[in-house]
Each structure stands twice: as C-alpha cells, then as structure tokens.
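First up is the structure itself, then whatever we jot down about it.
For reference, chains read A, B, C, D, E and F in written order, and residue numbers begin at 1 within each chain.
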Amino acid sequence: MFAVEVTDQIMIAHSFRGEVFGPAQQLHGATFVVQAAFLSERLDNSGIVVDIGRAHDVLKSVLAPLNFRNLDDLPQFKGTNTTTEFLTRFVFDQLAEAVRSNALGREGHELHTIRVTVSESPTARAWYEAALW
Amino acid sequence: MFAVEVTDQIMIAHSFRGEVFGPAQQLHGATFVVQAAFLSERLDNSGIVVDIGRAHDVLKSVLAPLNFRNLDDLPQFKGTNTTTEFLTRFVFDQLAEAVRSNALGREGHELHTIRVTVSESPTARAWYEAALW
Amino acid sequence: MFAVEVTDQIMIAHSFRGEVFGPAQQLHGATFVVQAAFLSERLDNSGIVVDIGRAHDVLKSVLAPLNFRNLDDLPQFKGTNTTTEFLTRFVFDQLAEAVRSNALGREGHELHTIRVTVSESPTARAWYEAALW
Amino acid sequence: MFAVEVTDQIMIAHSFRGEVFGPAQQLHGATFVVQAAFLSERLDNSGIVVDIGRAHDVLKSVLAPLNFRNLDDLPQFKGTNTTTEFLTRFVFDQLAEAVRSNALGREGHELHTIRVTVSESPTARAWYEAALW
Amino acid sequence: MFAVEVTDQIMIAHSFRGEVFGPAQQLHGATFVVQAAFLSERLDNSGIVVDIGRAHDVLKSVLAPLNFRNLDDLPQFKGTNTTTEFLTRFVFDQLAEAVRSNALGREGHELHTIRVTVSESPTARAWYEAALW
Amino acid sequence: MFAVEVTDQIMIAHSFRGEVFGPAQQLHGATFVVQAAFLSERLDNSGIVVDIGRAHDVLKSVLAPLNFRNLDDLPQFKGTNTTTEFLTRFVFDQLAEAVRSNALGREGHELHTIRVTVSESPTARAWYEAALW
C-alpha cells in the first residue's frame, strides 16, 4: 500500500464538558498540527497517489472554517466536545467527501483509506484511520 | 479506528550480550523517548479514546522503575538483553495490564490495540503493536 | 558562556486587538512550547549551570497560572495583547525574579542572562533575551 | 508485531513530466529523509528484529547510487517520474532483495513486512508498506 | 532583545565547483528549510516585533524565484557556488532591503538585526546574522 | 557572522556525585545529540565556512572515544561529573584544538567562535559558546 501525507495547522479555542477533562473544562486553546494521509494500492500513470499540491489545498480548505476560531461558537460543533479525537474524525469525513467527489484529481475509488493525525502538543496526538469504501 | 498517543522519556544504562551488538556490548546508555498509543473502534460519550492526562500518568508509572537506572541491575530483566525492541514489548505488557484493570478510566474491553514506540536516537526506533483481546 | 535550557508547554485561548492581527482578532488559541535558557560564565562545583530538575519546576510554576486558561480573562493581562512576543517577556520577568531570589538553587548573581523562546506553531516562534544585572 | 526502523538521507536533483506537477516539471531537487522499517512477529535469541547497525548499512548502500545525483540522468530511472512515492517503492524493492538474501543478518523468512517512508519536506511525505512473502 | 522568526522551505537543484565539495560537485539538490528572524529592542504598540503573517509573506516572496529551480541556471547566481552559507546571506540581503523599505509593516529603523537559518538536512544547517544599521 | 552547524549523537552511561542530582546519582545513561557550530566573519573562496563533510568527520572523531562507553570508567573524566554542560565544554575544547591545527580545512584564525549544543532529551539541553582567539 502506498500513502501520501501532507501537513497543515490551525490555532483554535475551545472548552470541554465533563469532569474527566479537569482544567480543560475551562476555555483554553490549541495549535493543532494536522496530517492527512491518502492510501492507495497503485500509483497513477504519473507515479503519484495524489498530487501533493492539491492535497495541501484540500486540507487547507477543510481546516479554514476552524482556523482562528472558538470552536464552542461554531454551529456545526453545537453540543459536541471538540476533542483531538473528534477532530480527527471530523477532518476525515470532510476529506472522504472530497475524495468521493474526485476533488483530489484522482478518481475517488482508486483511493483506499484515509488517515488523519492531529497533534495537540509535542507529547500528545490522536489519529483516525478508515477505509473509504 | 481511533487512537490516542502520549509521550514520555527515560534515561537508562545497560549493556548487551552477543557479538551482533559490537560496541554496544559495553556498558552504555540511552535516552528512550516512549510513545504509547491506545486504539479503539469508538469514542466514549465524552468524545475521547482515553483521558490524555490519565494515559500520561499510567505511562509515567510504568516507566518510573526504569528511569535513572542501570537496567542490567534490575531483577525483572535478569538474563535479558534490554534492547529497544524488548522494551517496546515490556511497556506494552504493563500497559495492557493497566487497560485490563480499567486503570485508564475506560472499560478495558472498549480498547482494541496498543502500540508502543521507543526511539533510541533521531535515527533509530522500534515499536510493538498488538490487539488486546 | 554556558547555557542550560528546559522546555514545557501550555494550551491557552486569547484574542488580539488591532487590525494588523486580521483573523487573530477573533477568540482563538495556541499550544505554546516554552523554552527557558539560563546562561552563566561558569559552572558550579557540581559541574552544572543550574539543576535541570529545578529549572523544570520553576518554569512549570511560572506557566501554571496561564495553562488551560483564556488569557483575555486574567487580570494580570488586562488591556494587553498577549502576543507570543509579549509572553516571552512575561515569562522572562518571572524567571528573572526566581533567579534573583535564588529559587534555582544557585546564587542569582552567578547567572548572567535568560533567554525565553515561545513557539506557537512549527513555523513561527519568538524569543526574548536579556542580561539579568 | 515488532518493528525496527532506521533513518538516513539523500540530496538529489530531478524533474517530472506531466502538467499535474506544475512548477515541479522544472529541474529542481530535494533532501529526502528515508526511514526503513523491518517488521517481524518474533524477536531473535538476542532480543532484536534485526541489528540496527546492519540495517543502517544496508539502507545506506541502497541509497548510495542516488545520493548527490540528478535522478533524471540515472539509467535505472529512464522514462520514470522519480516521485517521492516511486522512491518509497524503489527502496522497498532493494531492501526486500537484501532481506531475501539474508543480508540483514537474520533469515529472511523471519521478517514479515517492510515499510519505507520518504519525507520530502516538513509538510509532505510518502510511504510504501507491503508483506515480503 | 526580542525576536520573531518564521519558517518556509524551497526545493532546488544545484552543483558546486571546487574539489572540497567531493560528490556535491555533481548536479544534485536540496530541500532547504529557511528560518528568518527579525530582532528588535522594543515591541510596537500592538505588542509585536513584526506581524507574523507579513513576515511569512515577505519570506515567501524572497524565496519564490528560487523554488523548484536549478540554481545553476539563474542569472543572479552566475559563477557563484550557491552553498547553504551563501543562501543565508542572499536571503538576508533581500530581507534587509524589505525591512529598509518598511515592507514588514514597521518602520525599518525599529528593527535591529536579522538572522537567517537554512537547514539542508536533519544534520546540517547554516545561518547568517548581522545588524541592519 | 556566518555559521555552519553539524549534528551527531552518542549513547553513554554515567552517574553523578552530589545530592543536587537526586536519582541521577544512580548509574543511568543518555543519548546525547551533539551539534557543533563553527562561526566566521567571512566565507572562503568556495563560499563556505568549513566543509560540512569535514566538520562531520572531526565531530565524529571527537565523540568516538565516548560513544557506547560508561563515562565513569574513562580516565580523562576521573573525578568529574560528566554533566551535559561539562560535555559541551569538553567537545568545544577538542574542536577548538582541531580548528587551531587547521584540521577543518580552513586556516584556524579565519574561524571566530565555536558553539557546542548537547541535547539530553526532547526537553533539556545545554550549550557552550566562546570565541577561539
């Protein structure tokens, strides 16, 4: 299996509900470094999984509505704890939709799996990986 | 599959037996950067795999008896080459036990897999990954 | 000149006033990785600048009141843009006070300079460096 | 499953054919950081997957013919886009051959899988992973 | 002294003349990670050295003519070894000009020093630092 | 001022004497990542500070007698706490001698300053910087 992975980042505020979160129940924030990996069994005729430039653009467009925002204020996250884990899945779902609509410049069904990794600090990160079909 | 991974480090001395190790047969040491990843099919009601703070605490308590020690002197490693690979499995086994006793704040059977990565330098690392059940 | 540098991190929310900040005028946040370096002309009799463990503790105690907080709400930052640059100086001032009261386990006047580096993302950071006396 | 991974790097020039590559159709270059991971179900009697020193040597010998070269000039890459993805597979194939001829100091069939990761910059990388048998 | 530093990268080909360069006399290439630091005695009224977004833009515009190019072909580098050291100074000179023409959104004379760091690999980098006035 | 910096690493065991060291009084160890920077006012005719390959070789030869050793056993460190700070100075002195004997391929007096940085973990490092003449 081949993979190509691109990286971007966002700076957001949020808070969590639930005693398990301790001080993170308070309004705080994070720089999230987000890696999006696209996996495929085969390279295309140009010798790539997907165009890296296009992958960067798609990832950036998925992250744009979140960047420099308080996630607690965004309607799409109403009543949700926007944990690092939750965000890996949120980004995955958006990227999967982009793949299915061929926005990555390759017929979607030629891509097999997406893995999204979100690092919240040098010592903690989360990822979500799933097949697309 | 979701994953959460936390990172800690230890500074240890040890030596290896076997010609394959060359100069590493001599007493030397390492800073081991240890990453522990917990994988689960589903997030809990709070939107997490496991509490990151608790994961940090459990990892630290597993590493504490090794930190600032000569591993050659520890009874639990008697007659063993404490290679980077060996330590990935040693930490895995301790973390698996913690998961099974629900020490991570989530019913153990909701966690699926653990992966432990140990980096011995910027150019060499090892990992061990296995399902828990 | 010798230096010892320790690293810690905080996760905060804040917003900025001023058109120059563009979207960062909105409430957002950051993971700040903070490095504190202590410089000295001479090592002490133990062969150190300052005890690394103690340096970690002092840095952590300086950062604790900021961690998991919205800096806009803290009285000590009232009417201030808590930019990355501002925070380098804020941490410097607190560490300088700790040095002057010998909280680092070495007579303060034996330390010459402090440099505080704050990284807000993999692609942007700030630092403040000044002599202590 | 256990894994051991070693890292090396090369500095190369190349160009790509195909409009998808945009400015990368021009002759340009890259520092490729190459990670080679060897996976095995079991450690050997010494407690290792493969000797890390030997793994470094084999990886270096695979990369040597590419280092400080214009890949467009190398006969083995005639008519090929030497993309980051392509190179992950090229290195994989050479390492797989080394494993099969026991060049890593362990009977090849005891190794299960190889994963080769090639990072072209801090924000883009590719990998190829496949079973050996 | 305060500093703000931003980071970008380019992928280039080049070759060197002179026996000292050994195999690097051949056409090869590099991913250069470029850090530009702007130093100032004082923050402005907004609490910044320079706007980080604007610093990113200026650095990107300085690097754009080099990115995805063979530096041997560029007229501005005719007869020059475009070593990592040389490039630190080349970028410095361009940034200094930008500062002097107030392109960074702050009166140039309020900035004191620029430092440009260029990393060619995880194990080698160069920098150039000089006062502006 | 120009600088070129190269990086290498060693894996050692050692122990410290003095209550300030707490658990580090026990025999333990470290992976030390060592960066050696050579500073000069001017580039030579080839456009370099020193040849990076040669700088790597000199650094490696300075570190070789320490690598894979228990520093407590080495006669040159008898009665010395081989702290991270101490080692920055030890490496500095050896590199300064190499520079003075022109072992770096440039007349020693054209080099101005050396800075040696030793990282003991992702969260702690030390450096020593001094002029050569």
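The definition used in the following text is that a contact is a pair of C-beta atoms (placed from the backbone, for glycine too) under 8 Å apart; a residue touches a chain by one contact, two chains touch by 3 or more.
For clarity, every value in this text was computed on a predicted model and none was experimentally measured.
Common neighbours of subunit C and subunit D, by the contact definition above: A, E. Path length between subunit A and subunit D in the touching-chain graph (shortest route): 1.
Ranked by distance of CA centroids from subunit B, the top chain is E. When the interfaces C-E and B-F are ranked by how many C-beta pairs touch across them, B-F comes first. Two copies of one chain, subunit D and subunit E, form a contact in which over half of the residue numbers belong to both partners. Separating the centre of subunit B from that of subunit E, both taken as means of CA atoms, is a distance of 41 Å.
Subunit D has its Cα centroid 27 Å from the Cα centroid of subunit B. Between subunit B and subunit C, the centres computed from C-alpha atoms are 31 Å apart. Annotation for subunit C: residues 122-123 touch two or more other chains. In the complex of the two chains, the subunit C residues touching subunit F come out as 1-8, 43, 46-49, 51-53, 56, 105. Remark: subunit A residues 16-18, 20-22, 80-86, 88-89, 122-130 touch subunit B in the complex. Residues 9, 11-14, 23-24, 26-33, 67-70, 73, 120-123 of subunit D touch subunit E in their complex.
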